[in-house]
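One structure is given below, encoded as structure tokens.
Per-chain residue numbering starts at 1, and chain names A, B, C, D, E, F, G, H, I and J are given in the order in which the chains are listed.
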Amino acid sequence: MRFLVHMVVNVPHAMPKAEWDALVATEKAYAQELQRSGHWAELWRVVGQYANYSIFDVSGNDELHDLLAKLPLFAHMTITVTPLAEHPSSI
Amino acid sequence: MRFLVHMVVNVPHAMPKAEWDALVATEKAYAQELQRSGHWAELWRVVGQYANYSIFDVSGNDELHDLLAKLPLFAHMTITVTPLAEHPSSI
Amino acid sequence: MRFLVHMVVNVPHAMPKAEWDALVATEKAYAQELQRSGHWAELWRVVGQYANYSIFDVSGNDELHDLLAKLPLFAHMTITVTPLAEHPSSI
Amino acid sequence: MRFLVHMVVNVPHAMPKAEWDALVATEKAYAQELQRSGHWAELWRVVGQYANYSIFDVSGNDELHDLLAKLPLFAHMTITVTPLAEHPSSI
Amino acid sequence: MRFLVHMVVNVPHAMPKAEWDALVATEKAYAQELQRSGHWAELWRVVGQYANYSIFDVSGNDELHDLLAKLPLFAHMTITVTPLAEHPSSI
Amino acid sequence: MRFLVHMVVNVPHAMPKAEWDALVATEKAYAQELQRSGHWAELWRVVGQYANYSIFDVSGNDELHDLLAKLPLFAHMTITVTPLAEHPSSI
Amino acid sequence: MRFLVHMVVNVPHAMPKAEWDALVATEKAYAQELQRSGHWAELWRVVGQYANYSIFDVSGNDELHDLLAKLPLFAHMTITVTPLAEHPSSI
Amino acid sequence: MRFLVHMVVNVPHAMPKAEWDALVATEKAYAQELQRSGHWAELWRVVGQYANYSIFDVSGNDELHDLLAKLPLFAHMTITVTPLAEHPSSI
Amino acid sequence: MRFLVHMVVNVPHAMPKAEWDALVATEKAYAQELQRSGHWAELWRVVGQYANYSIFDVSGNDELHDLLAKLPLFAHMTITVTPLAEHPSSI
Amino acid sequence: MRFLVHMVVNVPHAMPKAEWDALVATEKAYAQELQRSGHWAELWRVVGQYANYSIFDVSGNDELHDLLAKLPLFAHMTITVTPLAEHPSSI
């Protein structure tokens, strides 16, 4: 089932840049792994913001939370989740 | 280019039910026509609400407004539009 | 899986009282049927408001939307849905 | 009587990780003790967030505040409390 | 136990004035009865608004909801309830 | 005349604990002095929060601000003030 | 003592225009009477809105509520009141 | 001097369509007259909404309010005004 | 022309107290200079807050921004500006 | 196509002043380069705030995000983007 996920990154200015860059690199690898497995179905940048709108395709709430909580940037993001259902006009 | 579009339907309780049903049927036909043409790329129901999250794929702002303003339910919806860009981690 | 559901009833003052009372009676019967089937796991009144907080136990987003959209008062409620996951400290 | 309690954890990035981990461990033990005593009736993770929705079953406002104020993470959480009453349609 | 209750009256302009005045008179009588019984411990007008802040002294959530739901103006008010506890600095 | 005062304490985690404890002790003494003089007519803890709702009984706006600005925790609180008037249904 | 008062007029489109115009004329006369008595110390239009910011100079909360509640448009306005005190840098 | 003006049109569904269409036609003529005179410097549609963002170039607050209050749709719009100044990086 | 200006001071707890006190003293001198020149027409403390509501009387937007941006506390304040016009009922 | 862009600068008080000043100077040069190329069509200071409203003229969402993300102050700004379309009353 699908969920719309909104992630806003809150950059911790106190963290050394090298440490942050390493974290971001790990995040990218993890995000691409989840895309390849089909869980992270879509990933779009919000124009003008360090934020994204994503669509996840998971077996349910527990799997979604598990995937999100493992995001390397999880502690530095504000995440909101909207459950989606099939739309009767969708073809 | 892509836009996330959030549409909330405000049902006009004063409108005769037959008139409303006719409007909704027209909306559905129009939504399916736009899906077939590829402009309305995705259409998801927000769980528990008379609302949807959609992704539109259009040539720009003017085309998007033109498509949305022609929605048969346009006068009865609260619409918000978020421009989306390619995400560097997207594969 | 579980979802926290918040329902606020917006009483349509223009509707004849008998019609509204009939709708509310149907809602009550439907709510009790869903409680008996185990889908509507909990139902609490918010103190001082014509509103409730409920916990639903469903197979996923589509079933939840289907159940909520069939609520006799659906057109007269503001509903928000929060997906819940197992908590690691829960026993 | 029951209360819906929403807790959002605000991780203090300036605190040494070991100190934080110790605090979280104490929180977990305390949460499980309150669950065993029946005061913390339900505990659910909010999907995608370091937050929970809980239902407390207490003798009243003073007991609830006393229990919450003793949470080891109390100083690092944003807590909101909603009093719940029996619902006339609840079976 | 005490609760802070905020009530905002939404005057239904479509209701005949005599009907509204009768409702308001019943509300006043009921409010004074609850003050005499000690349940409605304090009642203050919010300056410049058709609203009040009140303190209720009740046996718990169920009694509070029961008293508020019987307010003659209940269907025409927006009510919010804040549970209060003893303050350690209170004398 | 009466004012409803809402105070939320923002604990400064960077301040040494001893310094904060001393400040809190001074606050308590000052709060009790104002209660004894009759200016701080009521003081209630908001359940689950480091916050209070209070009722002040003062000669006017200037005296109220003077009393609040001298609170030892003033620099660490978010305070909102609501002026109250006699309610016509109050007995 | 002074209060900043913000008034937003909500025009009742269902009211006959002549009735509304009469109400507005009464409001204007009353506003000018309060300005002449010195209670309505200042009256400014908010640019682009059917709203004003005003400063009232009254003996206290009760007098202010009494003056505002008698506004002919009181039932059609959203009013917010901010108590003001002398500023130490004011000359 | 310049002001950013945001106008949201609230369509009065109770008004006969012919009356509304006439009002909208008058609005258009007035808007074009103000553009020709140079007061309404820019006029942009907000994508997906019956709303616009405009830049006005006027002699001051009084002239701006006078122009906006004469808009044929003024009673049916929510207008917000943001004063703009020269930007030091503007060329 | 007049503007309502709301200033909220955000005290930088990390700044040495002597440095802050010096800044505040400079702010006071500058505020009194602007009052004497007639630009800062009124200055009122918001009761219970480190904030003020002021009325400025300036030649236009650019002069107002210039005066506000030179406030010694400018970098430590949240400022909002509301343009005011003559009110037709003002005498 | 045009976008309204709102930028609010969040000054990092922990950053050394010289470092910040250098960043601001780079921002200014970059802003002027984008104005000269025609992408940053308008740039206005919001009165009383370290913020601007701008109009960008770009080929689409991707180009806009690319330009904004390269702003030297990007990590220190809160940016919101509103897509604009041609207005039927614009001349």
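Throughout what follows, contacts are C-beta pairs under 8 Å (C-beta built on N, C-alpha and C of every residue); 3 or more make two chains touch, one makes a residue touch a chain.
This structure is a prediction, so every number in the text was calculated from the model and none was measured.
Chemist: I need the common contact partners of subunit F and subunit J, sorted by label.
Modeler: Where subunit F and subunit J share a partner, that partner set is I.
Chemist: Turning subunit B onto subunit D with a C-alpha fit: angle in degrees, nearest 5?
Modeler: 180
Chemist: Roughly how many whole angstrom separate the Cα centroids of subunit I and subunit J?
Modeler: Roughly 26 Å separates the two chain centres.
Chemist: Would you mind pulling out the distance in Å between where the CA atoms of subunit C average out and where those of subunit F do?
Modeler: 39
Chemist: Report the inter-chain centroid distance for subunit H and subunit J in whole angstrom, where each centroid is the mean of the CA atoms.
Modeler: Inter-chain centre distance comes to 24 Å.
Chemist: Once you find the CA centre of subunit C and the CA centre of subunit J, what distance in Å lies between them?
Modeler: Taking the mean C-alpha position of each chain, the two centres sit 45 Å apart.
Chemist: At least two partner chains per residue is the criterion; list those residues in subunit E.
Modeler: Answer for subunit E, listing residues that touch two or more other chains: 2-3, 14, 45, 47, 61, 64-65, 81, 83-86.
Chemist: Which chains touch, pair by pair?
Modeler: Inter-chain contacts occur between A-B, A-C, A-D, A-J, B-C, B-H, B-J, C-D, C-E, D-E, D-F, E-F, E-G, F-G, F-I, G-H, G-I, H-I, H-J, I-J.
Chemist: Mind pulling up the subunit G residues that touch subunit E in the complex?
Modeler: Interface residues on the subunit G side: 3, 5, 12, 14-15, 61, 64-65, 68-69, 74-75, 79-81.
Chemist: In the complex, go through subunit F and note every residue touching subunit G.
Modeler: 1-3, 60-62, 64-66, 81, 83-86
Chemist: Please name which positions on subunit I make contact with subunit F in the complex.
Modeler: Within the complex, subunit I contacts subunit F at residues 11, 13-14, 45, 47-50.
Chemist: What part of subunit H is in contact with subunit J in the complex they form?
Modeler: 2, 4, 27-28, 31-32, 35-36, 42-47, 52-53, 55, 82-91
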